[in-house]
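A, B and C label the chains in the order they appear, each numbered from 1.
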Amino acid sequence: MIRLVALRLALMLPILFGVSIVAFTLMRALPGDFAQASAGTTAISAEALETIRRNLGLDRPVWQQYLGWLAHALTGDLGTSFVTRRPVAGELLPRLAVTGELTLIAGLMAMIMGTATGLASARLRGATDWMVRGLNSLLLAVPNFVIATLIVLLAGLYFPQLAIFNYVAFVADPAGNITGLLLPALSLALTVSVTISENTRAAVLEVASQDYVMVARAKGLRRRTILVHYLVRNALTPVVTVTGLQLAALLGGSILIETIFTVPGMGQYLFDSVANRDYPAIQAIVLLSATIVLLVNVLVDITYARIDARVSYE
Amino acid sequence: MNKAPRTRGQVLVALGLVMLALLIAIVLFGPVIAPYSPSKTSPGSLAGPTAAHWLGTDSIGRDVLSRLIIGGRTTLVITSAAVAIALTVGLILGLICGYVGGWVDLAVMRVLDIIFAFPVFLLAIAVVAALGPTLRNLIITIAIVYTPTLARVVRAPVLSVKRWDHVEAARSIGVGEVAIALRHVLPLVISPVLVQTSLTLANTIFTVTALSFLGLGPPPPDPNWGSMLAEARQFMELAPLTVIGPATAIVFASLTFIVLANGLREVLDVTASR
Amino acid sequence: MTAPPLLQVRDLTATFTRGSSATRVVQGISFDIAPGEAVGFVGESGCGKSVTARAIMRLAPEGTPLTVGGSIRYRGQELTDLPEPAMRDIRGRRIAMVFQDPMSSLNPVMTIGAQIDDMLRRHGGLSRQAARRRTIELLGLVGIRDPALRADDHPHQFSGGMRQRVLIAIAVSCQPDLLIADEPTTALDVTVQAQILRLLLRLRRELGMALMLITHDFGVIAGMVERVHVMREGNIVETGATDTIFTAPTHPYTSALLAAVPRLSERGTA
């Protein structure tokens, strides 16, 4: 198991390296000048601009700039915000926590809805199957920001007493914090649940036709035992993979959803940073989210191996 | 197997094609069909449906239906242009990788892995933010974001197909490699690519409208579905129809490609992801 | 026959319904199996022998409804109209089954031991520790070396022959009265086939259970069973003592099947 973790992490490193290059060049390849942008919109003298340039190390060769930036990033220094003049890392972390919480709640919701509908669809067949699949196809066509907008619209029209834009910090009011995130999480979860549902359905159908399920029935095991230990445990393997891979979609989606529900997470921070042309912040967000996605992929691999012992021996 | 799924697939494809025809009509004849100019204002703002304005007017009195038609044109042109580029590049990369194999395959796939590591939407925002939200940049960005998926879908069947017996047979009687690639490998790649292209079109509609929704879409005054939805949000309790219009349009367009993809998958018997 | 039959099958029919079409694959067959008796069912694939076994166990493949007619009595108790929960008490406990393909018959995500434990705990009401002890004992009984260690392995760490031994251990774990073995050696190498057959023979003797051995291969039943039913297109075309059938088959189909048994020298390449 330790070898597996080490191997997966080692495989991740070159990609992470590439990701850092992309994140770096993306912001250095700006049409405008990085130094000019750092000064904000105010007019600035040529000398002052030169000083900024030197302070930011922009007079050095590009590869030196990259290595310097990378070295800082590795020690947790993600640069200084052009807007607040404070370290980006300090600004980003609390917002990342909020996005993390939102993503977690949404992921859980999607997993519960997805596996439940997928399982029902595969086991009950008939009208249930037909309904679930129809609903899935339709849901798949509704982008999460449209769902969010419609939820806000419906809430505004029919439940005006419902305060939807009232994000409160977890430390201030844990219950309020979670209930405040329920609707944003729902908007995120619906689309993702479709993928999980369809995959659960396919996996359960596939597993149900396996010989070992027949053997389990021949053993006279109870339906519950067969469902849990034979069907679900085997169907889980592909479902876990799919769910993990949906994290990228959840993270990307949270950017939109946060701006709609005014949740002060990473998405809103990115949006503000884009509006303010706060490039170090954008760079940090891009780098961090790609790293998170890669790490989760490794985590998925490991979970996969935990569930299915065959994997670690391949 | 049995006949039922095939006919259901055919129904879905037919339905998808009819919906697609409607979308194409909007793109081709938009300015002709639209009852008003999308920027022409009339006295009543945020008005409900009337005989003059079937879907009412927006906050500054512009005709919602006309804006939907013209906005659809913008949205769909960006979408199809981006997917066309992604498809071309993905097809070339996938064929080269699958066919040549070796270190070329390894190198290209690793680069695509890097793009894959970014959440699609986040990468799109960052690129558009860096390059500036012009029509051209939007198209390039979205093309970059979706190229890896298409390249992978092309590569996988090529890898397995090129080892098949009839390909070996063709090679043994001296058929050139390029001829083999075009005549034997390409046709077998087409089915999964068609399905994936259709799905990518649906995804691209999401991305384009979402970027526009955030104000990173094509610059005003040209309307598009994403920005219309964003504008309408401010007044949606007064005029729900201004929200419902673009929302329905977005769902309709993506549904078109999802229906088409599902139908094609059944008709062409693409087993992947089923 | 003096002893009352363990299993009494009368006019058994089995019909598969797929969509609107129905296919009758067992056409009304009757036979008895006495306690401790070993009976062979021989026929080509598709002759209805496996479906007969499925009908007795009432185990239709997922999604293909199997309609059973006639009567199946186990110790005088009618099984065809037995409620499902009661039937679950029969399956595994009274009548157990070994299937054809050991490679796909074990749950890949559970350890070998756990797959015997769940059976023991279901039918025997054993405690966790008692089930564990019995599992190790059973693995030893079917010839798995280091049973205490191997019980914690997963199926993919076992060869085909070993897996079939495990599946036999599962089947005999609750000391059933009747073991149905449906082509138990077909998927195995020739050398392993002989070992598995010897194991079945030994277990039958030691546990005193009846054996219903289903195969397409006359070579397999020689020395294994006392009586043979030859099946063709859903009917039993010939029944007799094994020796008689081998030396003097009465039905031309039986002769044809016997002629098709490959000599041992040819078998290696088959």
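As a convention for this text, a contact is a pair of C-beta atoms (placed from the backbone, for glycine too) under 8 Å apart; a residue touches a chain by one contact, two chains touch by 3 or more.
Not measured: the values here are computed from a predicted model.
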Most distant chain from subunit B, judged by the mean position of its C-alpha atoms: C
Per-chain Cα centre nearest the global Cα centre, belonging to chain: A
Interchain centroid distance [CA atoms averaged], subunit A/subunit C, Å: 51
Centre distance in Å when subunit B and subunit C are each reduced to the mean of their C-alpha atoms: 55
Whole-Å gap between the CA centroids of subunit A and subunit B: 22
In subunit A, residues with contacts to at least two other chains: none
Subunit B residues counted as touching two or more neighbouring chains: none
Sequence positions of subunit C contacting 2 or more other chains: none
Subunit A to subunit B touching residues, read off their complex: 14-16, 18-19, 22, 26-27, 29-31, 137-138, 140-143, 145-146, 149-150, 152-153, 156-157, 202, 248-249, 251-253, 255-256, 259-260, 270-271, 274, 277, 279, 282, 285-286, 289-290, 293-294
Residue numbers on subunit B that touch subunit A, as the complex places them: 110-111, 113-115, 117-123, 125-127, 129-132, 202, 205-206, 209-210, 213-214, 216, 229, 233, 236-237, 240, 243, 247, 250-251, 254-255, 258-259, 262, 274
Of all residues in subunit C, those that touch subunit A in their complex: 57, 59, 61-63, 88-93, 96-97, 99, 101, 104-110, 118-119, 122-123, 154, 156-157, 167, 170
Sites on subunit A touched by subunit C in the complex: 208-222, 225, 229-230, 233-234, 237, 307-310, 313
